[in-house]
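Paired with chain B in one complex and with chain C in the other, chain A is shared by the two complexes that follow.
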Partner chain A sequence: MSNLKTIPKTALNEWVQRLRRRFRVVGPRPKNGQFVFAEIETAVEMALDYPTTCMPPKKYLFPPQETLLRYHLDGSHIQAVIETEPTVIFGIHTCDVQATRLFDQIFSQGFADQHYRARREDIYLISIECMAPCTEHAYCHDMGTSHLPEAADLHLTDVGQMYVVHVNTPKGESLLADTLAEPFTADWQPIYDRVIAKKMEAFEKRLDFEVTELKELLRDGYSSPLWQDVGDDCLVCGMCTQVCPTCVCFNMEDEADLTQTEGQRTRTWDSCQATTFALVAGGHNFREARMARQRHRFMRKGKYMHDAYGLLGCVGCGRCGSTCLVNITPIKVLNALYQEQHAEQIESDVPEMELSYEDVTARSAGVAVDLHAGACENNGRTHPH
Partner chain B sequence: MPVPARITAVRTLTELEKLYTIELPYGLTLDHDPGQFVQVSLFGVGEAPISICSSPSRSNGLFELCVRNVGDLTSKMHALNVGDTLGIRGPFGRGFPMERFRGKDVVFIAGGLGLAPLRSVIYEAIDHREKYNRLVILYGARSPQEMLFRDEVNAFNWMDDVEMFSTVDRGDEKWRGHVGFVNSLLNQVHLNPHNTVAIVCGPPVMYQFIIDDLIRLGVAEHDIWLSFERHMKCGVGKCGHCQINHIYACLDGPSLSYTEIKNLEEAL
Partner chain C sequence: MSGTVNELPRVAFFDFTSCEGCQLTVLDALQTHPELLKVVNIVEFREASSARSEDYQIAFIEGSCTRPGDEERLRKIRETAVYVIALGACAHLGGINAIRNRQPLLDVRQYVYGDKAEWYDTYPARAIDQVIQVDAVIPGCPIDRDEFVRVVTVLLQGRQPKLPDYPMCIECKLHENICVYERGQVCLGPITRAGCNAICPAYGYGCEGCRGLVSAPNMESFQEVLAQHGLSQAEIDEKLSLFLTNQTLLEKELVHG
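So, the complex of A and B:
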């Protein structure tokens, strides 16, 4: 249960200055008409009302390249390298916070990763409430990540002159200089509630189904001809995996230094979309087709990761959809998959449901048919009362 | 983190394969299950997963790796000699469930380099011979020159309680044995399908043929065990490379039963 406080916007700069004495502070900054997470020196450099960043702040938890080991080439002096720096990620959106939850699970479950764990301990998250969907591709609302005030160490909600602050963890508590934060009095509650209610109105449902149906949808849709279409479109640029806050696949490489006496092992981001990702030494490629690689990405995000870690591998941020050169977007793909299965379902249910042809085509086209809304919500498996 | 291990012996098996005996430092022992693998580091070069070729029952604190010279790392490994150091992480993955094979006729089916991982299981079974009923080894190589562990295969031939069958895809003027793919040996074995477990390891193309034949002979799907080779980086279920649909070959495998993978399109 979080403890609520308020902080005046006028105190933001002072707060950031105080944080900078103890931490590297990174936040959303405008760059070339877009936004990126980068180090900030003053609060005014941040655009806390940013829509989204090109890249998620994942790079601070899981750098694109990090050194894991240093050693002498003769096999002596093997040392683990822990690259970490106390960091506050200021203004992270809740979808990206959800992605860090998944990362925490991945790198703690089974063989714990000491490099990640150590770095994670040093990272403090201050999230901020989104007031409107950031892009047409975002479906955080469907994925249940658009409003998670208790997920980060601190969570800010812009209520005008002030931020309402959810203080969720001792780490978060330590970030709040007491002189700046003010109590959350009863007067604030209706104001906060109004802001959240207005926010909720701004987010519409973008998937044609409930997130609880996603795993089943993908399981049943594994052999759908749709994947061939997706694969045919894919240019194998790998951008979908580069911008994804939950993509975790990596490569490890060893290299010797110029003196040929010492060397190091580095870990770099990899992509399951790369042609050679599943290639073995004998030349056999277990995921050679573009279709198979795109399908694997969707299966992993929407099913496999949930099976393994209890959390979905997609947080609905929509970055992959925004960045894709050929417009492969999760909303489009998942809805098409749903409509494909749903259409089959409707056909088989037609006599009992007494649906007219117009109803069926309307629904297949994604147009809501109020009369049969109940059937829609139930994926067509049960009949309207 | 890898530990520095020392090569204590190198044996050339064929033009392409060498057998390394390896000793861990500080008196450490590998304590592996037959069918598991280790991650082998060449410092400054890289790391690769390699099946453990020796049986825990014959370890003496050492273990063996059979390495085919097929890529950058393995070609550099072939240049190593006795006394050289490499890094070892592991053992990783799930070995074969030997307890489930008790009282069964155990049929090993190895194609090419697939004999290397199975060698750890074969010796484990021979060294606990009383636990199993028949022990049958079917081994296929491309040519007589490419046969691995020829002396040991020969010794299996002479064992009273081991049935050894070999074949080559193409014979030469000296070869007097069977010619044909390894599945063609199945006809000679007269399996009792109701009491048979099959343990299969070989190149990817081999699996479907063998599985089809075994099922046609009446061997139960859960009694067909396979070892899966995959691209791996971490070996501990993080890097994503080895996934077979939702399964991590490094964690859930590399030893898996046919039942576990038969509905997975990416398995075979």
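So, the complex of A and C:
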């Protein structure tokens, strides 16, 4: 249960200045007609009413490229590189906070990733309530991420002259200490409730089904002809995975310097949409078809990640749909899949007994369907565990 | 690895039909990465030295093969060098020289050389690997200097240099450039091999595909995207033939007759 406070908007600049004494502060800023998360020096540089950013703030938790270790080629020296910088992510949307929760799971489960963990400890999240859907492709309301006031360290809700602040963690409390925060008195409750009620009216459901049905929908739709259509359209440009707040696949490479005395191991974002992603020794590629790669992306977001980590791999931010040049959007694809299955149910009196790929692999292996997620880890460079 | 100059791998640079801009980038790389000179012995490099040599292990070739007379010189380089590396778009793809491959050659020669057209025995521009076997490629117009240094490093380790095999859009997103299509222009980023750090879109200009096609691009769907953004079929063909003639149009002619 969070502790509520208020902070006047007029105090925002002073607050940011005080934060900057202890932290790098990053927030949403306009850049070339869109918004990006970047370092800010004053609060006025931030556009806290931004619709969405081109790239999610994931880049601060899990940089596109990071050095994991440095070594001397003669073996005399090998050192893990842990680089962190105390950072406040100011104005993160709740969909992106949900993605952070998933990352915390992914990088802690099994072998905990020391690089991520160190960085994560130094990152403080101040989320802000969205008042309207950011784009036509966002479906956060369906995915249950449009209103998560208790997920980040602090959460701000714009109620006019003030922000109502949910103080959710000791980290959040430490950000608010020594500021101009005021108590949340009983007078504020109806005002806050009214703002939230109005916000909820602005968000409509965009999926034709409930999110609880998503895993089954994808499982049953594995062999749908729809994936072929998606694959025919897909440019395999990889933009969908780049802008995704939950895409976590990476590649690792060792590189020595010119004189071959020192080397380093780097971790770089990878994309399951790249032709070479599932390429293994002997030139075999187990997801050579575009259709297989796009299907994998949807399966992973809507099913496999939930199987493996207990959280869905999609937060409904809609960035992939907005960036796609051929209009492959989750809302369109998932609704089409649902309508297809729905139509089939009406048409057929006798339920079909056709086995999906998933049923077959799960049965033949005699283990849980999580196998799928495991299968794509076999090339040693994809999903971290 | 470093030793006396005579023990270092001997490197030579050669140019064919090109602007020599890639070699200028190499020259630039020698200034930003002077350590290169500690690991290789450059025995022939017209941009920087008047020295000549017929004894080298690593040959960098800039430019495309455009005349019958080029072939013998190329074969000689191949016979001498252990590694042959195509340097830049002309050597890698035929480059912009291959634009002429779409047109009747005599017309092209007359356009360029007028009544002296018959004097020049030029023929369709080809990539170096269409003439001799090439061990590695450094793409781009011009090449990226960091990629050049990386390729040299990897070659000296006796490994095969690996180019990015994903589209430029992936790098463009990392730089948080606004998509060129959102600005009402077209861009070949979705089908072009990454590795340039999306430098053209970063400056607001659409990619022209100088690094060549990524593996298995979806050309059909991509051409529909170009059409939706207002390009006629002739404009699409033009777009795909600035750098990609040999990779797209000739292929199409072969497939469709």
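By our rule, the second predicted complex is superposed on the first by the 345 of 385 C-alpha atoms of A that agree within 3 Å, B and C clash if a C-alpha of one lies under 4 Å from a C-alpha of the other, contacts with A are read in each partner's own complex, and residues count from 1 in each chain.
By definition in this document, contacts are C-beta pairs under 8 Å (C-beta built on N, C-alpha and C of every residue); 3 or more make two chains touch, one makes a residue touch a chain.
Given the structure is predicted, the values throughout are model-derived calculations rather than measurements.
With the C-alpha superposition on chain A as described, chain C and chain B fit side by side in the combined arrangement. In the superposition on chain A, A:Leu69 contacts chain B only, with no contact to chain C. Looking at the shared chain after the overlay, A:Pro225 reaches neither chain B nor chain C.
By the touch criterion defined above, A:Val248 lies against chain B but remains apart from chain C after alignment on the C-alpha atoms of chain A. Shared-chain residue A:Met55: touches chain C; no touch with chain B. Contacts of A:Gly33 after superposition on the shared chain: chain C is touched, whereas chain B is not.
Contacts of A:Pro183 after superposition on the shared chain: neither chain B nor chain C is touched.
Ranking chain B and chain C by residues of chain A touched puts B first. Applying the stated contact rule after C-alpha superposition, one finds that A:Ala256 touches each of chain B and chain C. Of the two partner chains placed by the overlay, only chain C lies in contact with A:Leu235; chain B stays clear of it.
Nearest C-alpha atoms belonging to chain B and chain C sit 5 Å apart in the superposition, given in whole angstrom.
On chain A, the surface patch touched by chain B in one complex and by chain C in the other comprises residues 255-256, 260. Chain A meets chain C in the complex at residues 31-34, 36, 54-55, 64, 232-239, 242-243, 255-260, 269, 271, 274-276, 288, 290, 323, 325-326.
Taken in their complex, chain B has these residues touching chain A: 1-5, 41-48, 68, 70-71, 74, 85-87, 203-205, 229-231, 233-234, 236-246, 251, 265-266. Chain A makes touch with chain B in their complex at residues 69, 71-76, 78, 80, 106-107, 110-111, 113, 222, 248-256, 260, 263, 265, 270, 272, 277-282, 284, 286-287, 292, 296, 299-300, 303-304, 307-308. Chain C makes touch with chain A in their complex at residues 1-2, 33, 35-36, 38-39, 149-150, 152-153, 156-157, 165-167, 169-170, 173-174, 176-179, 181-183, 189-191, 214-218, 220-222, 224-225.
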